[in-house]
């Protein structure tokens, strides 16, 4: 059994790791940390875990975590970078669900995250944990930068098109919509149901931290410069991301449906829908699956891709476990084989 | 592997059976019927099942079902009664999620359901499938009447109190609230999100079909007459039932917390919360669990019980699978060991 | 034009006062205070008010408010009591939407609100502002204690029954459900949509502050002792309260429908539905109306009353304006004549 | 008083007309038709109208409507065209909220609406009722084609940019999101809260009927060909449309904020937000207002416009009343001066 530690066990991605790992056949969660809830039973804070977890929260310090084979950071940004080096030195693998190791250029990171990076030397070693592009590197990785939720949905939609060089990457648009759990489990006014229920709005239009992440990754696989306009929106629902992607087609006659089906034929967690369909976030609720449809409206010059995920699973904790499965040579589906909770 | 058939595979309880049975280790779903969708692939109608089910819907006729060891009826009322006799004759066990076999008195059934019962002779043989009261009978049953959703939540809350004879059963109140999936997957105006979203209302106050079911079952275990006022309400959410139960206490000094904890100590799917807690439907979402809390407000003469379930699981499909597990001697938790999908 | 001041202009009841008063023909809002937002334009914080309000928030101090004819306190509890005396001395009438002046017994107030009351001498002079019971006193009042939301819905449902002495008041039950805006506009975890959406739960079952308020008021009109069990619940919607009320009938043959219709025949904001109907919070959204239905299920010994209001209007700001209208001799409907926003 | 008739009084746009007109000072609603509810009191079907409307539904025939000065059609498509000619002949003005008279090219209409148009001769005379572009024509019109909801939000966002010729119209994108009330009040499975709650999806990506309407109107004011990609999505809320619009800028240095502010300076129902803001559908709930923000993310080559309306008001019934106000020389704001219902 792989011994697992979770730092930041009281946020939504932390609890979601606990939910998924409770059903994982090869894993034993041994440590869950929380500064605020230290000493309390985990299941007293999260009654959905009653009967599945008898741990108590402990202090988030390195000494509490060195018994683990792997530690997940389900923490706010600028937390994991303070502990990663010591854990790696103690031969503990690290999977960071936050943004600390996602950007290769430390100056860009510091600009967007407004903090000094304390271990820029780890950035090169960190592997960006999108299995669909980096599976081989993940196998050998000690430190995983788990992708953001919007970047996951966006990249999976654009990847086949860019790899096949059928779109003009100078005017990419990702119009993305997220359920409110993406904002995390911190007290706030904007997250109140009275504010976010029965309403819809964009936010961060001038610039959102996931923009440089997507640009970096798409740029790395593209032959030409990538110019992306990224607009996140808040949807009055709890879970789910829907990315609606647009790009000018270089070739109106490309068989886009076949392109997507072939590209993802062997991926366990990307499901290309039949031609003409529209994916629904409700069909992937609770699962690690991305469902995708590709359209060419009116046979015109623009391709429209619809890509849905559960932001807490494929967009965070599920993808992190997928990375763990790859790192430890397990069945990639282990612990992640749920059917979407519909309705 | 137990060969399973599902009649009525396009309603919410039918799809929920398919979701849960896809993860059941001892079951092979071999037949799914739907008159309306006959010939279509199941996963073309329910994209959450893509990759988990490659069946096509077939006609709901007995001949299609006799290869099964057990058939679940996830159908509207007054459907199962037309096929149950032939299936039983063919040695197929039947678990009916509808109301056809729940009431022992055929006259009462015909009054509340507004139809002629076509096989009243089966009523005696049918076992009311609430495992917490009828486990032994379920083991030997050929025909299970799976309880209604409101009756499940209500009975589990009142049972310990009635069995211990600590309440006056002449003024029981069940103020029950259900998510909208309880109304099923039929086109309707009242079920539209524009109608049922952002609003709350009672319905069926003069009389609801679950009233005689609850009265029959509670009456059977009570020493005295049961008078129940039952008020169902519609909550603007999809899944979940919360029953708030009230009864006058015969003895203000009874240790109600201990009573509940002992009563349910060995039940795999009833979880009594610590004293002072309030269960939340969100913590049992997607699970077969009932979470219960018992209160005696202000130390007064009234006991208040809070009982929550997922109406589609413990209130329908999950309980049906629990019954199947008991009937076939399987681990009672098989296929039903999910952690609640929070948030 | 009546000159109005609003203390606490950034909570939901404050904003709702601003919305309603913007459409009131006889009122000029001259002062809106907010300690946190001091100096900002009101409509920069609340874009729904753009074009309707060009004020800036000012400091909540008495000197800023003495130009007003009346000041509304839309503040947390234990705030109004610090300013009321000085305002009254300056001949400014005070309508307090918080709980500071609702309880006549200062010891009870201090027990439930956990604070020292700083002006207990004002309690006697304060008029409990439920127009349906206290209209004459309100006309002459200088200081109004505006009722709580749950107490409004509950009292309006029980009043006709108690006044007519047709129920046994020793076992009253108010099973009440509120939208999340009732918890106010303060940053919190429990108010997050991820927590309160798609879920339903009771809270405060051992004891809620609205219990003594309801008991005091119902007790004052009852011939016999009132024993009330009060259970508040949180509904995943923004606005609305639904109180489901139960009481044992002294007389099974009383004409309850006629009783209610006659009792409220002349009330502008209480609407008794036809026999057999079920009110819906969605029909009173945005209005000062209470819609009520009375049932006697199965012709039995228990009366069930269904009473709905918009918690921010009839349960708070609308009722406060109704009180103002009465105090200043205006048309009671002035500014309050909206049609419910359905759907 | 202007005598008004409403055909189709049981859909959401019909009820919304009744809500708004109940508060209109210059209007008397005299006829409300409904084939299905003929004979019933209007307020028995819509309890929110109790006390505001004492009419009964009548048969939708011309003879019942000729007493009116103006008739609103709040009907499904292909209904108004059967009665418009006779009403106009009887000197009754017609405002059609459906699509029957929106497209000038009858062949295009018949292709997208799948029916034979019965009065193509009226198409030329019909005035497209978007006051912000057609105010002068509306003043003289006898027959108004009231714009669709998506077209209203989309056009108001693109208009200033196209008129000022600062964008390349060959790659316009309207990524639009609508609350579920846009689908109307007809029984359906997809509209069930169990289906449309807690989920988000696109629909009609290959082609939606509002595409030719937007293209026609934007094309009429553009110097160059308009190529539009239009993607509608369904949001789990009741009211509101958010259109997120993208276009390549011809001139990166244009002052877009000033352009929008000047363009809409005198419009009573279009509100340009300050630079950097993001409009929220919740702020225009229940109102006839469009709130707009214009952004140029990262100072790049793409302009992003955010445009929100209440689909039932500015997107339907409110705009229809605005048209009536203009036609009859009333104050344009009459009956439409509500503050948004926040929260």
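Going by the order they are written in, the chains are A, B, C and D; count residues from 1 in each one.
To be clear about the criterion, a contact is a pair of C-beta atoms (placed from the backbone, for glycine too) under 8 Å apart; a residue touches a chain by one contact, two chains touch by 3 or more.
For clarity, every value in this text was computed on a predicted model and none was experimentally measured.
> Please tell me whether A-B or B-D has the greater number of C-beta pairs in contact.
A-B
> Could you work out which chain's C-alpha centre is the most distant one from the centre of subunit C?
Max centre-to-centre separation from subunit C belongs to A.
> Would you kindly tell me how far, in whole Å, the mean C-alpha position of subunit D lies from that of subunit A?
38
> Determine the centre-to-centre distance between subunit A and subunit B, using the mean Cα coordinates as centres, and give it in whole Å.
36
> How big is the gap, in whole Å, between where the Cα atoms of subunit B centre and where those of subunit D centre?
Measuring from centre to centre gives 45 Å for this pair.
> Of all residues in subunit C, which are in touch with two or more distinct other chains?
12, 181, 185, 194-195, 197-198, 236-239, 279-280, 282-283, 285, 343
> Going by the contact rule set out above, which residues of subunit C touch subunit B in the complex?
Touch list, subunit C to subunit B: 171, 173, 175, 177, 179, 194-195, 197-203, 205-207, 211, 227, 229-231, 233, 235-240, 242, 244, 246, 248, 276, 278-283, 285, 293, 295, 297-298, 300-302, 304, 306, 308, 343.
> Along subunit D, where are the residues that touch subunit C in the complex?
Spelled out, the residues of subunit D in touch with subunit C are 12, 15, 18-19, 22-23, 44, 46-52, 181, 185, 197-198, 238-239, 271, 273-274, 277, 279-280, 282-287, 291, 337-343.
> Would you pull the subunit A residues touching subunit C in the complex into a rising list?
12, 180-181, 183, 185-189, 191-198, 236-238
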